[in-house]
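Here come two complexes built around chain A, the first alongside chain B, the second alongside chain C.
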Partner chain A sequence: MLPSSFIFFQLLLGGLLLGGIYALVAFGLSTIYGVAKLFNFAHGTFLVMAGIIASYIYFSFEVNPFIIMLMVAPLFLVVGFIFFGFFKPISGRSPLEFVVGTVLITVGLMFVMDDVSLMLVGGRIWSIPYSLPSIPIGELMVSSTRLWGLIAVVVITILLSLYIRRSYVGKAIRAATQDREAAMLTGVDVSKTTMFAFGIAMVLVAIGSVLYCMVLTVAPFGGFPMTVKCFTIVVLGGIGSIIGSLVGGIILGTSEAFVGYYFGLPWSEAVSIIILLIVLVIRPQGLFGFR
Partner chain B sequence: MKKPGATGKLYKLMFAMIVLIVVLLVFPYFVDPYIVSILYLLFIFIVLAQTFDIVGGYMGYVNLGHYMFFGIGAYTFSILIIGGTSIPLCFIAAIIASVAFAVLISYPIFRIRGDYFVVATLALVVLVEILAYNLDWLTRGSYGLSLPPGYHLFSCYYMALGLTLLVMITKYKVVNSKFGLGLISIREDEQVAEVFGVHTFKYKFLAFILSASFPGMAGALHAWYLSYIDPPTVFGLAVALTPIAMTLFGGMGTMFGPVVGVCILWIIEQAIWTQTEYLHFAMYGIILILVGIFMPGGVVKSKRVQALWEKVKGRFGRFAA
Partner chain C sequence: MKMTTLYGIFLIVVIVVGGVGFYAGTAFAPEKIVEKEVKPPRTIKLGTTMSVTGKYSPSVERWTALTKEFVKMVNERGGIYVAEYKTRLPIEIVVYDDKSVPETSAEMIERLITVDKVDFLVGPDWSPIGFAASVPAEKNKVPIVMANVLSLDIYKRGYKWIFGTPIPCAERWEEYYFPMIMAQTPKPKTIAFMTEDLLYCQDVRKFSKLFAEQYGLTIVADEVFPSGIKDATAMLVKIKPLNPDIVHICAYEEATIVIARQMKELDINPKDFHSIMGTGKAYEGLGKLGEYLGGTTQWIPGSPQLVPYIDYAELLKRADCDVFKYTWTTSRMSSYLIMLQAIENAGTLDRAKVRDVLATMTFNTPIGHVKFKDDGLARNPAFPGQWIKGKFVVVGPEAAATGKLVYPRPTWAQIEKG
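Moving on to the complex of A and B:
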């Protein structure tokens, strides 16, 4: 019989790690939304694609997942630039037509990527079954894979927030998020900035997908629930805020872990949507009051 | 209001409509049941597309979760008919259930707009699908529900035809009324509409309920037709987005755009499904991407198509004169 504090600690650790991964991926979504004012329905599908590619590399070459991360991230930088190219022709349209156009393009991409990946790799699930020996902390045994994952999330979040705060591209992205026209007037190349925002978002998706595959699995046609989770985090944490994404991600990750344990795993999928609806009823402007 | 000659045109239009309806009424007796089933599904898609368009196209609230009303109707109908309720009562209950669900979610969902609304409504479909999977004492989860077996193709065809006509008339009435004008004003600028005395929440609420009732009926009909439903067939993301993709393809916010979109894409889909084994969704996706990039207004509003339509109309006008 396991002590309940042990289960609690394991769930908390798992929830924190999952929340950190969600936060990274959701920050990508909110960056794209902030700069380009478009919602990427294919965001979770990109994560599934990256996860399948990463798992494929792992099974083919048996390399360390953190090296896979370094291989997949540049690839997805390029994917981000290509993805940005899809929205160039519709940038000058009227608001409603722009929304409809972006919905059509991202939902279309979602279908295409899901179906092509299904045809190429089949309907099986993919993951990176990479595990290190557990380490004892006091009386508790802790999976060191999860600990390393958590450390990686923390390091990447710090690097990311330094990049967004200090670098020129990061400042340009923040400026374009706050006011597109004003950013243009002060000499920011908004089009190029948007392109880099797409690139950064996709790099975050790639990094997040490797970590995600280390703890959970991905499968073709499983991307959209992930997009919903990212959207919930964006609604909770606000647009373009790393801290907000982190808070939202951790709330979602831990509540999913606990609901999954106490109510059964199928219900953990519903948590994100229920949180989303509750937030929309109580505080449509998000927890931190800006959107 | 009426231009000279408008009454003549109206009579001609009505005459054409009556001929079309009569042809559709006697149609099933002369063709293969396969073609009847294709036409039946076409009607179902027209019902979904046109009711989506009242909220999405005219009011500017793109409700990607429109299909959930269809699924709720289907499940309500199936659960009740398995319980032994009489069929007309089951149909009525299906409509009531989907309308009740619309009432329930209208308050949270109309607190947001724009792309937030779009994502939240699509998330609702996922939620309802999860519920259908997990409430297995009610829905039997992924096993699905088997209805009392029976061959209902013809009755379903006629009911779908009637429903389609009802939807077309309803949409025509809505679009050409003060109510429709209010919806368009909400689409163009909600705050201005509110200032000019449009009771925006009431309008949004009514339009939402109107657009929820017909899909509930269509879903019940479809469950009766299939005799078996499970979560993916009535809530799956791919099927949920199909009628909406058709509407966007044809042209939102127009009287006949959704019908055009449904007819074109349904024919293409039939051709693809029967010809190829793989990549149905990928082809669908490519069509969506191309429409999104080149004509977000849809086929009907595209300039070339309109020029062609003017040409056709001009020629017919000459014949008439």
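Moving on to the complex of A and C:
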């Protein structure tokens, strides 16, 4: 039998790497909610769409996945801007009408995108079967693919954090997240800022989708469970917090791995809901969020 | 907006999303997908539901076209001879989209019987859907030959009007696999099972375990995982130190891909890696790693044609349907073929008489002879195979094999190097 330390580290590693990818995608959801106060139920479906496009590029041209990231990111920046356009007509409505409208738009988009992707590319299971040899460290096998994925997540998180803290757009996004009205009073063009927030969110989804497809698979109709996962991470980490998303993602990823091992895999699915409930009761604003 | 309010909205949407699927069939008028013009003296009207949209839809993409072509081919040869009418009658098949929702399927079956006045029912696929769809058929005493409805529980309810052609059935899914694998050198000694928590996967696992024990294999692991698994690490770190000779997956393609890729990451190299759904979709999704993946097939292209009314290979060609990608196709087509043979042999469209023929006769299908047991379920085996250089090679039984199993399979690293 292998030592329990092997199992511990293997599970930890698996959870860390997967959690990092979750975090990246979840931050996009968090940003959109923070700035525009709308919950994007189609977020996971955007991930599926981006994953399908990325996998298609990989299979057609055998391009390195890290180059595919650079290809799909600008595409999804534009997708983000277009997506923002859907909410323009309801932006001046009463809060209730706005909430109902956004739910209808995002849920509707989810259904439409599912069927459109099925119609265009069929029911194939998409992934990027790009893998690098695992690195053996004693009994431990470290997946190079996941390791590079995690490094990419960390680098992107640092860059994004710097951008949000230092750039004008980043500061505007933070201001709009904290207090929309106050941001407007200080001269921030909230509409433009929101549009950029949508763009950034979609870029993160696109990058996350490439990393996701390098480890896992996507297929039409598979987006909503990912939205649920992202929602848990956002609640756990706190709205608008990059570090919160990263920590939330890692907590979720590692919890799933450990619970799956010690209590059986069927229980790992329940972890996200249990965490969600605990956080909502103890710290509703999330670990790194603000009231 | 407070987090608790957001959570409330989120919960409502989760319920609504689920509800939309549930009520989709009741809220909107269903669309007829295939309908042929009725010609005198009458047509034989079959009704079915198909998962054209929703979660099962990727498996049935080509079936609308297949069904149209099937009707066309049967009618091109004049239809089905019905002695009662002393002539050949053309057929038509009315298809409704069940949206992959069991309740919708049941409702559409009721509609097919009461509104469309179909003579007989064929199709629906998938155990959850078959469970629901068989109820109105039985209640209205309309014979139904379901297709890929495999769960044994469905046939244990004492129903008299339901029949099923899941080919292969759970009991015999791996009937040819185990003798074939035990004939290899070095003889495998241990096996690890990994099963997706679904009705039919659990059934296949149950009988595969019996086969494994019967052939003297030691079961070193028997893991069940939830459907839609994304990370199999927790399961695989248990299996790695056991170093099984065979890793046997009872799961859909998506889970097969996830497990295979993570086995590669953890460097788990069994002598045989076999999935009950090692289909073209799994192979495609795995890329290079799909080489030497084991699977099963219902039908071997080029095998002797026993099928009446149609040329099966030609039908697949016309509808552009690859059976290795759309692996459930043969069962679906068999349900149509069996119903037509039952009608022809009964010589009438009388439902009770056709039901009696279904219960007693042996039918010809693309995979050979099919006979329903007393519970209404046909029990046919599948042929094990392996993906070798991009082709699915049937490796057992000897009489049907189109090639030899590569055993022990190369390691993941060797496979990747090509």
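The working rule: the second predicted complex is superposed on the first by the 264 of 291 C-alpha atoms of A that agree within 3 Å, B and C clash if a C-alpha of one lies under 4 Å from a C-alpha of the other, contacts with A are read in each partner's own complex, and residues count from 1 in each chain.
One rule holds in what follows: contacts are C-beta pairs under 8 Å (C-beta built on N, C-alpha and C of every residue); 3 or more make two chains touch, one makes a residue touch a chain.
Here the structure is a predicted model, which means the values were calculated and not measured.
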Give one of first, second, both or neither to describe whether A:L162 is in contact with chain B, with chain C, with both, or with none.
neither
Would you sort A:L96 into first (chain B), second (chain C), both or neither based on which partner it touches?
first
Just chain B (first), just chain C (second), both, or neither: which does A:I273 touch?
first
Pick one for A:V116: touches chain B only (first), chain C only (second), both, or neither.
first
Across chain A, the partner (chain B or chain C) reaching more residues is C
Which of the two partners, first being chain B and second being chain C, lies in contact with A:F39: first, second, both, or neither?
both
For A:I105, decide between first (touching chain B), second (touching chain C), both and neither.
first
Which of the two partners, first being chain B and second being chain C, lies in contact with A:L265: first, second, both, or neither?
second
In the overlaid three-chain picture, which partner chain does A:F86 touch, first (chain B) or second (chain C), both, or neither?
first
Give one of first, second, both or neither to describe whether A:V228 is in contact with chain B, with chain C, with both, or with none.
both
Intersected contact list for chain A, partners chain B and chain C 33, 37, 39, 41, 99, 103, 107, 110-111, 115, 221, 224-225, 228, 231, 235, 264, 266, 269, 276, 280, 284
In the complex with chain B, residue positions of chain A that touch it
33, 37-39, 41, 86, 89-90, 93, 96-105, 107-112, 114-116, 119, 221, 224-225, 227-228, 231-232, 235, 264, 266-267, 269-270, 272-274, 276-277, 280-281, 284, 291
Could you pull out which chain C residues touch chain A in their complex?
1-4, 6-7, 9-10, 13-14, 16-17, 20, 53-55, 57-59, 61, 197, 223-226, 228-235, 237-238, 240-241, 253-254, 257-258, 261, 264-267, 281-282, 284-289, 413, 416
Going by the contact rule at the top, pick out the chain B residues touching chain A in the complex.
60, 62, 64, 107-109, 111-112, 114-116, 118-120, 122-124, 126-127, 130-131, 133-134, 187, 237-238, 241, 245, 248, 252, 278-282, 284-289, 291-294, 296-297
Chain C touches which residues of chain A in the complex?
1-2, 6-7, 10-11, 14-15, 18, 33, 37, 39, 41, 59, 99, 103, 107, 110-111, 115, 118, 122-127, 129, 131, 133-134, 136, 141, 143, 145-146, 215-217, 219-222, 224-225, 228, 231, 235, 239, 253, 256-261, 264-266, 268-269, 276, 280, 284-286, 289
